[in-house]
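Following are the structures in question.
Below are two complexes that have subunit A in common, paired first with subunit B and then with subunit C.
Showing the complex of A and B:
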């Protein structure tokens, strides 16, 4: 009887392990399949994506050079995302320290304000910003359209909430007494900030930067309103291309873009172990 | 309180009328203390008694509502923590996770911008003191709890603080490590001749480490004194109960030596007292005696054995008096071994006059009358 019971228990453990492995497999597959399919599609020989393909070719990659718009827009996207990330860190990191470590009148309101853009649909923000931009342009005659800074400022609206949210989450779990210890050992508040608080927040800041970068880089719905003929972002260039053609070239573009981002992540990983961050 | 008048002139750290009010509640109210040069004073009390707030007030992490904190005669109460020159060991150790042991220990020295040669010298000296020299390049997360504790101590000692503050320094350690670490802290503190203020909720810890103790409750100092003073001469029922778990019996002093419980049970007292009316009687379990069957002395009280547990050096009795109130009694076991009394047996109890303490309705101690 007892023997049976323990055998049944062991069987349960094995079944559970099998189930967990299966779920992990499903999860990984769900993440990888779209990427692998894209890479696979980029090798199709036909001019219109059909399945099964009549043959395979690498020629789409060589033809990328004929479309400088992709490289240009990739450059714009990387530049805008980098600047939006940097600026949102400059706003979000001090803001999150203030929110967590100090109490001041209006703290609750500031918290809500910093997170609120996440609750408004991107299309709505984009339209609002577009109207505002045109209005400002008419009144001041500044050449706003076509400037990186319009996009950077707009992206700040959606990247800063992420930075604040991640940095706040990081800060609340840091032991406050570590900062007190620094003060106790003779560090003035400004030195506590630079020699203890910020170094301890490193992982949170890196995670925040990654999220901010990704949020800015992949944004379409808000950006759509703010681009101008001379300056479009990468996702929009892909979208525009797809409006006229549906050939494997676009898949090869995406593969190249993924490779660029992966290379960036690997470079960051050399300095901060990303597996510990996200 | 009476401590103010008895303050020594050789006090190194002196706290006068220290008060901290949060909203409408006083976390610390009118605390007066003095710590002599080289003395370890332990603040003891249940959680929420104000001991930690007192320590944080001294460290400067909390601003005092009123009162003075004098070190060598200079008032520190208005200074920010980074100008107080006090070394603190935190309950969580609070080591800098991103710095090595050596960088942790020298943090305070670098903040003081000491010359590099001096920093190196002190690092070497301090690490040797806490026996962590081989660990200098490790990060805190690579150390055991005991080692982290020593880094925290070394970091506080390296700045040669005017006062060493210890916040529950042993509470995060394994039980079997506590004693040796307690001894180590005590040794280092004595060797450096440091004036120290420590907070703990653990009575044993306080008793073993302190030169003198401060028992706090409800933000107020209940009693200051040596171990003997707190144990033998508690000033009020709270002290009697907290230090050594006295039995507290509420009742009425109806005659000079007769104490009547609310249920009507009457106890005889060993001493004679002038007062009448409601009093609290404090009796230490280990100072009560069970009378043998053929003992000549009349019992002061009789009780029924509810439970008897043999715990090695003594037998732990739970007794009930006639009116149902319970009483703990510890009977030491002798070389010949002591027989446990049976549950349900009626026993006579007696105690010496020196071991009974009576408190009046104002919770102040009532002295016994001189023997007639």
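Showing the complex of A and C:
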């Protein structure tokens, strides 16, 4: 460090540091306050959320089982997110290998096309898929409304771009000469793929799966148009509940969800360092 | 030439399924939607086949709808700028941190991403609403009851707190790619902290700022749950308005037109900003 500044300049530097600390504090507070507040509200004893509460209780957590709607929608969400994640890995990982390791005409255009669902607003995709679904239903009389597969197909559209984006970023960093060495030593292209390329991509694939799961699980904008009675995803059931009631029960529901997800993340973090892959 | 052919075949087998899915579930619905947006609405049969720009004209001639578009745009641009200002210091600290708390810090940033916008909107409802903490604190100071809920401030705050982690993660990965020795070099050549920031870190982080900014801007333009819960019935943004036209008014042609206006506005704005930043980046 060099100190060749005047006293006034040093004062400016201190003010600057203070400002940066302040900005960091505000940023962290903005991210944490809603989560802490939700956890805090779930302990309120009263049926309505008013501060200060008349007392604190854990009883909301024991009453969760009385609301099977949340559990049911959580099941739907987990099922759809798991299927969408798996399918998007199956189509997205090969696509990213093709984009990085092969040269063919139209590669740039395909790259843009595969990432394009990220730039289209979710409500637009949702409405478009819904009108298409109704159109197909009228023409073919297939019972599409309320089927898992419509939701999975829709979610595939938003999970695949994340898989492609993260796997491409991962593949670009990997040393190609290892794959070439394996090929030179006589390994067939398939063997190179399964014994060299895919194992090397492990971190990228885990990150991709994680992100695919998140965007599917928490999607509201697109899913909103595709749900039907009995086929409601978890975030939408919370949204519908909040439209009429705002009480500690719904807070305790989302606290449980948060705790489960945090535990899952910590488990994954032991296997692959999240701070390195995301 | 013949040696190239099998490679092209393998590549198309690898990339084919993903392309097919995107074509089938993005391009096709958008084409159907474009056609619907030219249809007309009818009270009894809901939709009449037509070929008229009526829905688009209705949107752009009614000050209510253009006002909603403007509100959405101003909320999106304000939150994007604030995300950059608040996100950069955190991203920089995380990227340059060597401590073992770093991975915990990153986890704390990732965790809110998993939790979804409804949960955070719920937290803000408890802070800002009537009977919330701000109301109680204000009352304790002798003021009358206030509710900041159902204002543009509440919506902006909600969107900001949701989008901030996306911005931080994008910036952090870009800053980590900037060789720390460049900053040390600038330092030993006598550049002070603000100069290092403006002339070394910022130009090199520009691609990340562009990516993060565009991502966060799109998320804000697209926001549904936050304006729905924190903005209430009177505060209108594009996504909830589109949903209401579709679900409550059953006016699919007009909803389709709103969808295209929202999409084209978002796409053209992101394309323009992308071009501007790219040009600056090349110049720098």
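In this section, the second predicted complex is superposed on the first by the 233 of 278 C-alpha atoms of A that agree within 3 Å, B and C clash if a C-alpha of one lies under 4 Å from a C-alpha of the other, contacts with A are read in each partner's own complex, and residues count from 1 in each chain.
Following the convention adopted for this analysis, contacts are C-beta pairs under 8 Å (C-beta built on N, C-alpha and C of every residue); 3 or more make two chains touch, one makes a residue touch a chain.
The structure presented is a predicted model; accordingly, all values stated were derived computationally and were not measured.
Chemist: Please work out whether A:123 is in contact with subunit B alone, subunit C alone, both, or neither, and reply first, second, both or neither.
Modeler: second
Chemist: Between subunit C and subunit B, which one touches more residues of subunit A when both complexes sit on the common chain A?
Modeler: Comparing subunit B with subunit C, the partner touching more subunit A residues is C.
Chemist: Quick one: classify A:265 as touching subunit B (first), subunit C (second), both or neither.
Modeler: After superposing on A, A:265 lies in contact with subunit C but is clear of subunit B.
Chemist: Touch check for A:94: first (subunit B), second (subunit C), both, or neither?
Modeler: A:94: touches subunit C, not subunit B.
Chemist: Can you pull the subunit A residues that subunit B and subunit C both touch?
Modeler: Touching subunit B and subunit C on subunit A: residues 189.
Chemist: Provide the residue numbers of subunit C that touch subunit A in the complex, in ascending order.
Modeler: Answer in residue numbers: 7-8, 10-15, 17-19, 21-26, 28-30, 32-33, 36, 85-87, 89-90, 93, 102-103, 105-127, 129, 131-133, 135-136, 157-158, 160-161, 164-165, 168-169, 173, 187-188, 190, 192-194, 214-215, 218, 221-225, 228-229, 238-239, 242-243, 246, 252, 255-256, 259-260, 262-263, 266-267, 270.
Chemist: Could you pull out which subunit B residues touch subunit A in their complex?
Modeler: Touch list, subunit B to subunit A: 59-61, 80-88, 90-92, 94-98, 107-108, 111-112, 155-156, 159.
Chemist: Which residues of subunit A touch subunit B in the complex?
Modeler: Touch list, subunit A to subunit B: 175, 177-178, 180-189, 191, 195-196, 199-200, 202.
Chemist: How about subunit A: which of its residues touch subunit C in the complex?
Modeler: These residues of subunit A touch subunit C: 1-2, 4-5, 9, 13, 16, 20, 23-24, 26-28, 30-38, 40-41, 48-52, 90-92, 94-95, 97-99, 102, 104, 110, 113-114, 116-125, 127-132, 135, 153-154, 156-157, 160, 164, 189, 214, 217-218, 220-221, 224-225, 235, 238-239, 242, 246, 250-251, 254, 257-258, 261-262, 265-266, 269, 273-275, 278.
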